[in-house]
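Got some structures for you, see below.
Across the two complexes that follow, chain A remains constant while its partner is chain B and subsequently chain C.
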Partner chain A sequence: MLRTVASSSLAPSVKAKLIRAGFCSVADLQELRPGQLSKEVGVSQEEAAEILKTLHTDALPVNDGGLVARGVTALELLQREQAQGSIVTFCSALDSALGGGVPVGKTMEVCGPPGVGKTQLCIQLAVDVQIPMCFGGLKGQSLYIDTEGSFMVERVVDVARAAVEHCSLLAEDAEQQKAMKEFTVEKILSCLFLMRCHDYVKLLAQSYLLPSFLSEHPEVRLIVIDSIAYPFRRDFEDFSHRTRLLNALAQHLNQLATQHNVAIVLTNQMTTKVWNGQSKMVPALGESWGHAAAQRLILYWEGARRLAVLSKSSRPDGGHCCHTRSLWSAHTPTP
Partner chain B sequence: MTVLRVGMCPGLSHDLINALQSAGIRTVEHLVSTNIEELAQKCSFSYKALMAVRRVLLAQHTAFPVFGLDLYEELLCSTAILSTGNPSLDKLLDSGLYTGEITELSGGPGSGKTQVCFGVAVNISCRLKHGVLYIDTSGGMSAGRLLQMVQAQIPGAAEQMAALQRIHVYKALDAFSLLACLQEWRAAGLQLMSAGSSVKAVLVDSLSALFSHLVGGRQSNGMSMMMQVAGELKLLSKDFGVAVLVTNHVTRDSSGVLKSGLGHSWSHVPHNRVLLQKVERPGSHTCLRVAELTKSSRQPCHLQEELDISYSKNLNPENQPVTS
Partner chain C sequence: MNWERLNLSPRITAALQKGNLNSAKELLGLSVLELQALTHLSTSDVQQLRRAAARLYCGAAPVRTALDVRNSEPGEKLSLACPLLDALLHGGLPLCGITELSGESGAGKTQLGLQLCLSVQYPAEWGGLGSGAVYICTEDAFPIKRLRQLITQQPRLRPDIPQALVHSIRFSDNIYIEHTADLGALQSCIAQRVPVLLSRGLVRLVVIDSIAALFRSEFQADESMERARHLLALSGTLHHLSHSHKVPVFCINQVTDVIDSPNPGRCEFGLVESRILPALGLAWANQVMVRLMLWRLEGTVSDGDQSCAPRRLEVVFAPHLPQASCLCGVWLEGVRGIPDVVREDPGASTLTEALCRPVERDPEQKDGSMVS
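And now, the complex of A and B:
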């Protein structure tokens, strides 16, 4: 193994001491005991034991199905992707543009001006992820992180009631009838976890606690952060600091989505960009934030209609699709 | 700085190492640069024994000079040019990706960097029938899209599956795991990673997702990790004769001009750099992009070409698509 000391995940001051003492690669350190190491490098014995433990854990392969350590062929990855489901939105045009629904294991960003329906879409997804598997759903739980205070339980009850009604109309065979007995509004509400974060520090802290939350609740298949723009758009004077925090958060969320197999949906606001005498509405949080999510859905108004554009995804069509007001009405979700 | 260890060379016994350490000499460099006569007087070992050890260590650790002509001939036999699958991009890059070199593809969100990477991987796997190692750092990999592209190039299902098996996907979700991955490949050899088929390309999509939040702050640790990755990629490309393609994001400088991200230090690392931009046509959304060559070892800079990134038709030189 050619792991160098400089590439290990130790603190920079510790690395500097090790390199000054002449240790180049991790193999040099493996035969040493903590006592010898502390004498040679000049650190305390506890620190030396800590160093050896960190290097040992670094060398162990990560347990995530071999994606990091071993790598998979594209064929195996294709089979895994086809086995994974996606979360329907109950709007057929949107679902077909997204390739079946919101994909699990990836991050998606939903941007739009105020009132266009981002929070409604998130609430719909939080309910739809709980649809039983015999109806084509994922039977998962969802986590809703609310930063703006726009989460309304009454609306969730409406959407849940409509979803239950829709599924009970579709139930045909015995298995589906049995599943419908468990798929009630109370069950849907009890499988929806809500967290409230009022500023960006709390949001970042919460994101670092998410891995342990997801390990305790392995059935969670969707995380919604509504919205990610709000806490980062106020109280920030240093924009480069904000960009770095956002990029770190984005990478952390990508890591969570892949390792724990959850779909992550983020909502973003829009801002006006003035360029060459023209003004355009673009997603907020800056240009480098555009690289954060794997897919980006932009919702906008055209007259009285709402339209959606998939401006970034793994499919290159840049699909345009439209959806109308009746989408999230309480009574008839359009299948 | 290599620490002196027992058994590094014949004559380097445990007693000799202890004697050298008590004289304050711990590393090979230190031993080779001290005066052996004084050292022989300080330790209880003979001048001859110390000179023998010094000669062997020098032979083990020096670099060998090579004649330019030999280097040129070696380059001619070992360099291959891999087509990217997109004729306009090939024209921009002087017929394709060269093995032994790092090419960087930068662009804004949605500009098509991941699609171009998919196109390169699919072309090398289907047409050239070589292996590809694809490192995905941000979750942008979609095997369904790879299958769609493979199906556009090869008709039979069995060959399509074989082509997909030649593309190996690794997920590196932070800088440490990327470095670990690259160092492991260098130690074990790329052939082991691909179970037989010879690997000709390593794609990293995207490098900026891992490093853009680490560089630029007050700590220099992030910059050091990025430079270590650069060093590993260069060693990989030279030692194993592979072409390396990395993707990067873009930023705007103070006058509003687009430039590639990751800063000034990174800009010296790739041998060729291409900037992708969307074509601003009002109304419809097209699959056309404009690629500009911003750095190259062979071509004049600021060449531009229009690219079609839909990869839905067979884009080989026999039937060029008509671009309007």
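And now, the complex of A and C:
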């Protein structure tokens, strides 16, 4: 494969020097020795050695699940996607609109005004991902990144208790009964990891450490960031800087979701936008952020009811508006 | 910044020093291309550098689980000094985060603020935090007469607490009163004076009465961006103080009238057909963790020889509470719940029909003290 110098992972100034010296593709450099390279390009011998070493490691096949190394067919991708599963929300209308639940391996954004239930949905998902496999769950762990300080353990205890009760009512055969012995409130709390970030720098730092966290905890199947809007809406004078950071973060999270087979749920706030003299509520963080997540779920109030609409999805019936009753019935899951 | 601490190869360390980067925080805020431009390193070097800086910035502590949090943080709350109101809030005000109380004038918001300033001074086993409060007035003068009335009536409000304990606390000594006449004064008070009180352990409650007054008076209708920026800055400081010192922040808010028909640009938080909504819009609502509203109802309720207009304290939203409300009254000794049925209204808010009727004011004196 002919790889150009411009697309390699060298520093931009080094690339500029190589291109000025007449090297277009990486293949041109392969035969050279450091001494020759340093004379032609005008860099020191150590730098030339570093350049050749970097290009050599670039050329090695990347090992991330074999995807890049040898390519993969569409059939294999389909089978992989179907095997991945999804996380139920215990609201059947929402689950069917999402195609079974929140899909693992993709990012999903949940937007809505304050109080509509975004944090509740996230806590519900963080508990539901732990449901044993014999009940149709994923028996995974979850990581909750709280940036607003609205994570309250007592609420998680309520939701966990309801989930345990629901499953114990469903338990029929011996396998399910055995699974219920392990599925307790304490176990659910111990499999929910919590990170608290109060500013965007800490959030970015945690995101750079996520790959190693996920390698150390391979059972994590869900990452929730509640909310991604809060730290990025303060302290920013330069909006283009914010857009750059957000785009890079979105790309990083999407890659993480695919490589480590986790579902990533981000919550976003709403802001008012004046358009043609009318004002309407739109998700915060700007237009370009709309492209970040694979799916976007917007929760909103209509009178006293809470409704959800899937405004961006790769499924054919995305955009289906469904009714979610209050996510508050702690003892019976809502229809 | 000593980049040697990152234990990276000397080449990377040298590039960092040449690039004039002073802290891990600065480094983490830059994108890959910006870092490459500064340090002239390759992409993989930059990523290795970022990971090392992230590890340094986040510290080496292992990630906690919810179980660890439950065991280490006892989940205390600040009691509202009435068992019915505490039951509505599942214990009282949470210690971290901004709690907002809005309502029409005369509803009793200041009364509840004063009551909290007294409640916080009791020891933890009686629902307090064993420390004082700072009360920031932005509108009227501080209602000192009413505070004195409340202090003398404390034994009547808290019959469960031993009299000796109640008499031993010097309540007015522990309430720090600040008057801020404009936004700049409020911002400097919160950024400078309040942190000093907090760090000395003198206060464990911040009350702002009211948060809306200065914002509504200092900004024109077309300056909404500027107003939002100041609101975000102020709430960011409050949020930071609340979380770093584990101190509840209680903000009293005004209300706006809802004149036109349902507007898609305006969020109503599930309050159906309400005549009024909390002021300051979506920008402020996004910063609030617990939103309460105090409604003043028609009619009178009596308790012994006292009577007053009934109020309803409603939970509009909170991460740990269902939408519910509780009937209460403002008595000589303070705000106390009336043992009505505490209704949980999951999803629907039927009580607002009762609240849509116009209310008439009680004959209260101007300085807020009650006609006894």
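The criterion applied here is as follows: the second predicted complex is superposed on the first by the 294 of 335 C-alpha atoms of A that agree within 3 Å, B and C clash if a C-alpha of one lies under 4 Å from a C-alpha of the other, contacts with A are read in each partner's own complex, and residues count from 1 in each chain.
Going forward, a residue touches a chain if its C-beta (ideal position, glycine included) is under 8 Å from a C-beta of that chain, and two chains touch if they have at least 3 such contacts.
Not measured: the values here are computed from a predicted model.
Asks: So, on chain A, is it clash or fit between chain B and chain C?
Replies: They fit side by side.
Asks: Based on the superposed arrangement, let me know which partner A:12 touches: chain B (first), chain C (second), both, or neither?
Replies: both
Asks: Would you sort A:222 into first (chain B), second (chain C), both or neither based on which partner it touches?
Replies: neither
Asks: Using the touch definition from the top, say if A:245 reaches chain B (first), chain C (second), both or neither.
Replies: both
Asks: Using C-alpha centres only, what angle sits at chain A with arms pointing to chain B and chain C? Round to the nearest 10 degrees.
Replies: 130
Asks: Which partner chains sit in contact with A:186 here, chain B, chain C, both or neither? Use first/second/both/neither.
Replies: A:186: touches chain C, not chain B.
Asks: Please indicate which partner A:113 is in contact with in the superposed arrangement: first for chain B, second for chain C, both, or neither.
Replies: second
Asks: Touch check for A:37: first (chain B), second (chain C), both, or neither?
Replies: neither
Asks: Using the touch definition from the top, say if A:194 reaches chain B (first), chain C (second), both or neither.
Replies: In the superposition, A:194 touches chain C alone.
Asks: Touch check for A:3: first (chain B), second (chain C), both, or neither?
Replies: first
Asks: So, does A:97 touch the first partner chain B, the second partner chain C, both, or neither?
Replies: Neither chain B nor chain C is touched by A:97.
Asks: Once both structures are aligned on chain A, how many angstrom separate the closest C-alpha atoms of chain B and chain C?
Replies: Here the least C-alpha separation of chain B and chain C stands at 6 Å.
Asks: Taking the stated contact definition, name every residue in chain A that is touched by chain B in one complex and by chain C in the other, in rising order.
Replies: The answer is residues 9, 12, 244-245, 248 of chain A.
Asks: Using the touch rule from the top, collect the residues of chain A that touch chain C in their complex.
Replies: Those in contact with chain C are residues 9-14, 50, 54, 57, 113-116, 119-120, 143-144, 148-157, 186, 188-195, 198, 200-202, 204-206, 208-209, 212-213, 229-230, 233-235, 244-245, 248, 269-274, 278-281, 301, 303-306, 325-326, 328-329.
Asks: Where on chain B does chain A make contact in their complex?
Replies: 1-3, 5, 26-27, 108-110, 112, 114-115, 133-134, 137-147, 161, 164-174, 176-177, 179-181, 183-184, 186-187, 193, 206, 208-210, 212-213, 216-217, 219, 221, 224-225, 228, 249-252, 261, 285-287, 309-311
Asks: Please name which positions on chain A make contact with chain B in the complex.
Replies: It comes out as residues 1-4, 6-9, 12, 19, 21-24, 28, 58, 62, 64, 67-68, 71-75, 77-78, 80-82, 99, 105-107, 240, 243-248, 250-251, 254-255, 257-259, 287-288, 290-292, 294, 296, 309, 311-312, 314-318, 320.
Asks: Which stretch or stretches of chain C touch chain A in the complex?
Replies: Against chain A, chain C makes touches at 11, 25, 28-29, 31-33, 36-37, 39-44, 50-51, 53-55, 57-58, 63-67, 69-70, 73, 75, 90, 94, 96-97, 232-233, 236, 239-240, 242-243, 263-270, 272, 281-283, 285-286, 288-289, 291, 316-317, 319-320, 322-323, 346-349.
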